[in-house]
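Each of the next two complexes has chain A plus one other chain: chain B in the first, chain C in the second.
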Partner chain A sequence: MLELDEDTRDAIAETFNLALGHAALHFSELVNEEVELSVPQVALIPAAELLPRIAAATGLQDGARLVRMAQRFQSRQGDIQTQALLLFAERGCLDMLARLLHQPAAPQLGELERDALGEVANVILNSCMNRLAEVLDRSMTGSLPQIGAGHAAQLLAQDTAAGAQVLWAGVGMKLADQQVQGQVVFVMDMDSLQLAIHQVRAYFGMVCEAL
Partner chain B sequence: MNLLLDALDCGLLLLDSEGRVEQVNRWLQDRCACAPTLGAPVEQAFGAAPEPRLLAAVQACLSQGNAVRLSQAFHPTPLPLFAPGATPQDERLRQAVDVVPVEGAQPGTRRCLVQVRDVSDTVKREQTLRQQAQQLGNEVLKLAMAQREIERQSLRFSEMARLAPVGLFETDTQGHLVFSNDRAAAQLGLDADSYLGRPWTDLLAAAGHTVDAAVAAQDRPAFECTLDIGHGKSWLRVEATPLQEPGQPPAGHLFTLVDVTELREQARRNEQRANHDALTGLANRARFEHRLNDAVSLCQAEGRSACVLFIDLDGFKGVNDTLGHQAGDDVLKAVANRIKRIKRMMRGEDLVARLGGDEFAVLLADVAEEAVIKRVAAKIEKAVRPPVAVAGGTATVGASIGWSLVGVPGVSAAQVLADADQAMYRAKRARKAARQPTPQPA
Partner chain C sequence: MNTPTRPGTRLLVVDDSKVSRRLAISLLSKRLPDAEFLEAGDGEAAVAVFQQTPAQVVVMDYNMPGIHGVEAAARIRALDPRVTVVLLTANGQAAVRARAEEAGLHMLCKPISSTLADQIAALAPVLV
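Now for the complex of A and B:
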């Protein structure tokens, strides 16, 4: 079980701060509205804790529906692979879309909502990954976003089964007066995770043990 | 390979590592106003420039390996594409664009695959669905509001029915009971709900009043009836109004039941006050004159006779002056009682009245013989004569009586009364003269 010391956690948080700063800028251009993104917390957690952690951070009730936006990234060398997730409570997500698309909130995700959400996820996850790629000193190739919606436990089953540990970041997204709580999660295999942490520490000039 | 690409129902554009057009499939060519130039940079290859966001996506794809999705919601027309056969003046196709990194021809290089889907129909369909959903939502909202209004009206009606100071019941088109409020049940003294589905006339019959069939058949039955439901007799006014939308046949009737017992009692008291003397309870002058008028008309029309006796008390002024007004009133009440109790007066056809002060009058029906009249007058004189116990002692009065016949052609009621009055005065003078000592010759 990997653990993050305080310095490493700070370093990752700082990396996300920078990454999300870029994401906010792009997102803001996209929707012609001021968008604030923040990284309140970063943690390395067992995959099984992902659901309770998300529930606690978003105030999600049991059985509530989530929207999951996922992109797969892989380093050119193939030594780091990660599934990057952006998660929102479905209700808040539909409200946000209604605001972005200037139309009444849809009762559920239709084809056009998924299309728009794909771009929102893409802007945020690509921005994060581009900044992370610099820190990881890797060129990371990404896939197109996959959008899914459903009950939280069902929706995240594949993620909690994929890796022993996940790198979790709770991120607040604020559009003018509308507060939407989103979660960014990186699901990695153990090798990728170890290498990623090593690269972060190296980037910030922290003492690294040889891998 | 080209055959396969051309068969696809989406546009494919392959850009080399420098962002130059390397390959374009048939779908995309068919939708460009001018055919894309192979080898040209993407920003120049389509005649009109693509949206900057598409160019930025291509740049991010080639330099950083980002896969980028451009949603039609934010970028409806990134490329100048038109429906096959359309011109650049026509509306551009709505597009969803994916920009995906692919391996370059040389190891370590990247190319960029731009995939374009025409979502014009999807957008139109979604807009239509959205409009329909909105309309449906509005309809549902209207229905919900109408439902709420109905519930409110129902609540309002049931509260009004509960609080109404009158009894209410409702019937259907067949006249069968469909609703009654608690007050109606209380007024009728029965469990009205057990009569639901039965004719409304059953309800009243059960309470003790049989509704006349002709009344029941009326469009707006209205009548008063008396019921005895255990706490004495009561009077109920029953009125029905058809429940009817304008231009529609009646859907039933709404009945109101108003307890008019108090009103009737009040009317009776008013009638009593208007027609009777408050001190003695006898008919007053107005009532006497009214009855006399009727009697004059009747007798003259039918050739019958009646008689008016005019009575004035002798010695009454003395009682008032010596024993006081209370004693005077006691005397008047006693005299009234005594005259009323004379057997002849008990028939109900005759009328005894106090005309005012110490003057009384009697209307004797169906009488013509002087002997009978004189007998009645004698009985009255006799009845009045005994002393009356009054406050402070006893008082004795007498009666002077004059009479006049009713039914003489051409003689009015007022004349009859005046004649009787004069006759009474003559009698009084005669009595006084009789009591004077006869002058003795000197």
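Now for the complex of A and C:
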């Protein structure tokens, strides 16, 4: 079982801080307001623990509905794969979209809302991955974002079914003027994870040695 | 480039990430070999360290547990208005920039690099 020492966890958290800071800048330009970021939380956890972590981080009540935006990224070499998830409680997400689309909040995700969420996911997850790719020293290509809404347990079943350890790198995003709280999570398989950890350590080490 | 600093020049590096503090101090100490470096892992600790041992330059992360960097900088400024504070953040949003500007802070964007270290070192008091 892989374990993270304190320095490695710190380096990974700082990597996600850089990535989400970059994403927040672009997202704030899209929504035209400030996006507040939480301090990144990093842990290696069994996949089955993802749901309670996400519920706690997004303030989800039992049975509440969630909006899940997912993009799969892969390095050109094929040696690093990750599923990037952007998660919002559905109610807050619909309010955010109403503001983005300049119209009253829809009762559920329609075609227009899904289209807008695709753009939100595209901006946040891709700008985040661009910065991560620099640290991983890999060129990463992504699938199109997949948008889903439903009860949290059902919606996240595919992410929690992996059975193995996953990297939980959770960062909260909150729009300053609204009660909209999102969570960005990266799920990696063990091989990708080990290589990613190696690359993150090398990034911080190499920067020190090169200067 | 090595810059000779005034004797007793101290820099306080504040970041909740230990690897970032280590990296910043490593890069800055090569540019300011005569300076002394202090560090703190959050805003509250930074104020406490500064109260105990004042510094001329504070390199302050923005997004930390507890109070954020601008708030911590304001508390340090209340102790000594002459201190130079560099706000270091991965979050370059307009709202953060405006907050830093309003507080009279220098704002620089991460990642921590040699260029960034050059910019910070240029703000340290030099021998004339």
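FYI, the second predicted complex is superposed on the first by the 199 of 211 C-alpha atoms of A that agree within 3 Å, B and C clash if a C-alpha of one lies under 4 Å from a C-alpha of the other, contacts with A are read in each partner's own complex, and residues count from 1 in each chain.
Methods note: a contact is a pair of C-beta atoms (placed from the backbone, for glycine too) under 8 Å apart; a residue touches a chain by one contact, two chains touch by 3 or more.
Remember, it's a predicted structure, so these values are computed and weren't measured experimentally.
Three-chain overlay on chain A, with chain B and chain C fitting side by side and no clash. When the shared chain is aligned, chain C comes close enough to touch A:Phe204, but chain B does not.
By the touch criterion defined above, A:Leu37 lies against chain C but remains apart from chain B after alignment on the C-alpha atoms of chain A.
In the superposition on chain A, A:Ala24 contacts chain C only, with no contact to chain B.
Shared-chain residue A:Ala116: touches chain B; no touch with chain C. In the superposition on chain A, contact of A:Asp189 is made with neither chain B nor chain C. In the overlay built on the shared chain, the residue A:Asp95 is in contact with neither chain B nor chain C.
Contacts of A:Asp79 after superposition on the shared chain: neither chain B nor chain C is touched. Of the two partner chains placed by the overlay, neither chain B nor chain C lies in contact with A:Glu49. Remark: least CA distance from chain B to chain C after fitting both complexes onto chain A is 18 Å.
On chain A, the surface touched by chain B in one complex and the surface touched by chain C in the other have no residue in common. Interface of chain A with chain B (complex): residues 30-31, 71, 76, 100-101, 103-104, 106-107, 110-112, 115-120, 122, 126, 129-130, 133, 139-145.
By the touch criterion given at the top, residues 6-7, 10-11, 13-14, 17-22, 24-25, 28, 33-35, 37, 39, 176, 204, 207-208, 211 of chain A touch chain C in their complex.
Interface residues of chain C facing chain A in the complex, by the touch rule stated above, are 16-20, 22-23, 26-27, 30, 63-65, 89-96, 110-114, 117. Looking at the complex, you find that chain B touches chain A at residues 60, 64-74, 96, 98, 100-101, 108, 110, 119, 122-123, 126, 129-130, 133-134.
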